[in-house]
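Take a look at these structures.
Two complexes, one shared chain (chain A), two partners (chain B, chain C).
Let's turn to the complex of A and B:
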């Protein structure tokens, strides 16, 4: 845990410095922003997926976050900083409603229910009038403005993404080391035994899924502010949001603090590199490789790549 | 009244095909206890197999569907014996994400080698319909439905009357005991998995006269397939057919009240409700 904290702090500080040192409009800085965003999404997923609630529907919370602030800004002129708490509330409300039918479901059933919920949200967003339908919504550009949470160059976003990454990491670290963390591990290892031992299993799972939904909503808000455009297919995408968040966690290490960061640092630059060097005709190659990597990691190193230790360092398991 | 009747007919015809598409999912879960999230990609494989056969020789996709069954089955059996069997006793996370990873692999292999464009077939009966008391029965739907029912009956005969079927059911009930009786567990399970993926690929072939194929076509069917399988009770093969028909009816009748884009929304809400109330399926225990 200590090592993981040091790594997390170093990456956060390093990113912050990089944001000031490098050209704010440069491509690596843009990639850095996406790495930090993806790591935060992974950390949000980790709060539930790390404790055996395998969600495939986190795109629902991401999309709700993106849509609530954007609709509030476009249609009602609400400042995105004020839209942010609204987005979190909406996402938490959806998590609460969804928990009624899903909390008692196990394993694949839970995964299926969350998958269907996210797909339902995608359809709802394309049918409703206020969301702009399948064409999506653009965030109006008003120029560099901290007050409106939007900037011309990716570099200026770096502090915001570092903040998001720091908050999601702190929340995860705090949650796993708190009383709730012990409860969550008890529930993960044996739900019945935990229940018998007096753990309020329903409340514990509900708590982690609410925190996770709120964090994922913030990720969605920042995504909308960063890309200036959202549509149902993008923000409610199962492969690009739900599975992406799970992917970086599983590659890095499920239930660990550095897992999502490690996964994002590996996956995102690799994807950008492949996309830049390959022609359009083999656009399917990066997702193909990631799918294969997911299978290989799950089969051979289910604890994630961060579980690999050089023997000299003691082979400690984190 | 006519429109309701029409919706019911369309629903039943479509639903029978959903049944054959989803029965593989149910079979695999029943025998192996694994939910194959990449099952819908075998629908895509089946559609491509039938399309290429039609494109090369002009053979009707309904006939091509039987070749799709063999190809989809062979790929499934191979994937089971190489990859999926290794997660049989692993964590739920590993079981889910092996097949989730397969979704990306299969879709993008198709994208790289076959391209993103939509492909469809032309058949003589494609746009024809039979008028029965002012209800239009679409010919391609009717043919697909008939093929689906025939294959469902064959499957039921295979599972209940043949030695392979007995071996599959014995392995599902008690693997240790079935091994003691000389049943090769790995071989039986590979065959069961292949049978499951093959049936879904077969379904892909029969819908080709009225649906077009591209690498991501599976994503349109994934939640639908799971809804059907869960409705009928994961593991119940006859349930899948009944579940398919119920889902077909829900879909087509809901379009009478709701905008067309919302027909799946109604379905997903029903799906989540069923998972919550009766995750063992509405029909589990009633039929098997």
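Let's turn to the complex of A and C:
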């Protein structure tokens, strides 16, 4: 855990420095923002998926977060910083409603139930008038403003994404090292034995689910403020949100602090590179390659990239 | 001596199968009670019912003054009754001390739980293995680790499901001594399912016998071992 914290702090500081040093409007800085956002989404997913509840419905929390602040801003003129807690509350309420029937499900049943919930949210957002329907909503740009969480160039967003990444990492580290962390690991390993040992398994899962939903909502809010446009197909997307969050965690290391970061650092730049080089010829190839990468990692390194040990220079002393 | 567990006319049905039929007994504080019966008699079902995994169709269960039948297992564990698992159910991805700490952090801070967990491991002689993975332990050690985890819940009564299976006679004597010591020091009552008659007869102050879900005997070990109904249950009519 100590090493993971050091890596996390170094990446956060490195990102801050990069945000100041490099051109604020450069492409690498934009990619850095997406890496930090994806790592934070992964960390939020990790709180549920890292403990044996493979959720495919996290796009629901992300989308709710994005829509609540954007609708509040566009329709009611509410500042996005004030919309942020509203988005978290809305997402947590949805998590509570979703958790009651789904938390007793396991494995593929849980995954499918959460997937269906996210799809239902996408359909609801597509037919509702206040959300702009399938056309989505544009966030009006009011110029560079910390108060409105809006900036002309991606570089100015870096401190905000670093903050999000730091908060999601701190929440994960705190949760895992607290008594809840013991309960979550026990529930993951043997739910019945945990229950008989005095662990309130349902409450434990519910708690991690609502914390995860709140963090995912914050990711959705920042995504909306970063892209200035949201629509149901984007923010409630199962492949681009739910599966991407799961993918970076599984590739990086499920249930670990740095797993989502390692996964995002590998997947996002690789995806950008593949899209840039292959989109004209074989556009559908990147998802296929990520699927193959996932299979390779699961087969060869089921604990993810974080389980790879770098041999020490000079070998072991006799 | 106060009664810690009262089981009143408890019946359990799985569809048409009557797994427990009007089981009725009491366990006093600090008492060590053996529970025996042929395979399929309902011993494990009784344990599962007592800790809330299985709900009784009829009857009531009291832990001291509190009625607990129908409560969730974690609620019953927090009230003071828990069990070990026949096939052991340690958390495989947690170290031994973390396994025990999981039960202790329910009522203590993480720091206090670590100390409590070490003390519980010490009681069963496993403190040298505190940082080992459960997978590196032998079966008897795993069974004892479950006892340590159960002790960390601070039970008033502990249900042990064949913790002495696979032990040598010397190991069995050590475990029996440890259980007596825990009982004497902490006043915990034990209800023990065991197939080793040596362990049951040597450790129990009272023995309950189940057969086809019904309690057919309840008394001191030597008296129960001569009971014609018990002999019939174990050996058949021709041998009783």
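The rule we apply is simple: the second predicted complex is superposed on the first by the 310 of 318 C-alpha atoms of A that agree within 3 Å, B and C clash if a C-alpha of one lies under 4 Å from a C-alpha of the other, contacts with A are read in each partner's own complex, and residues count from 1 in each chain.
The rule we apply is simple: a contact is a pair of C-beta atoms (placed from the backbone, for glycine too) under 8 Å apart; a residue touches a chain by one contact, two chains touch by 3 or more.
Owing to the predicted nature of the structure, the values given are computational and were not obtained by experimental measurement.
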| item | value |
| --- | --- |
| Fit or clash between chain C and chain B when superposed on chain A | fit |
| First (chain B), second (chain C), both or neither touched by A:239 | first |
| First (chain B), second (chain C), both or neither touched by A:276 | neither |
| Geometry of the superposed three-chain model: angle at chain A (Cα centres of chain B and chain C, steps of 10 degrees) | 80 |
| Touching partner for A:49 - first (chain B), second (chain C), both, neither | first |
| Partner, of chain C and chain B, that touches more residues belonging to chain A | B |
| Touching partner for A:105 - first (chain B), second (chain C), both, neither | first |
| First, second, both or neither for A:21, with chain B first and chain C second | neither |
| Closest Cα approach, chain C to chain B, once both complexes are overlaid on chain A (Å) | 13 |
| Footprint overlap on chain A, where chain B in one structure and chain C in the other make contact | none |
| Chain C-facing residues of chain A, complex | 177-179, 182-183, 185-186, 188-190, 192-201 |
| Partner chain B, residues of chain A touching it in the complex | 49, 52, 54, 56, 98, 100-102, 104-109, 111-113, 115-117, 119-120, 123-124, 126-127, 238-239, 243, 246, 250, 254, 281-285, 287-288, 290-295, 298-299, 302 |
| Complex interface listing, chain B residues touching chain A | 35, 37, 83, 86-87, 90-98, 100-105, 107-109, 111-112, 215, 219, 222-223, 226-227, 230, 259, 261-262, 264-265, 268-269, 271-273, 275-277, 279 |
| Chain C residues touching chain A - in the complex, by the definition given at the top | 51, 53, 72-74, 77-78, 82-83, 85, 89-94, 98, 101-103, 105-107, 109-110, 113, 149-150, 152-153 |
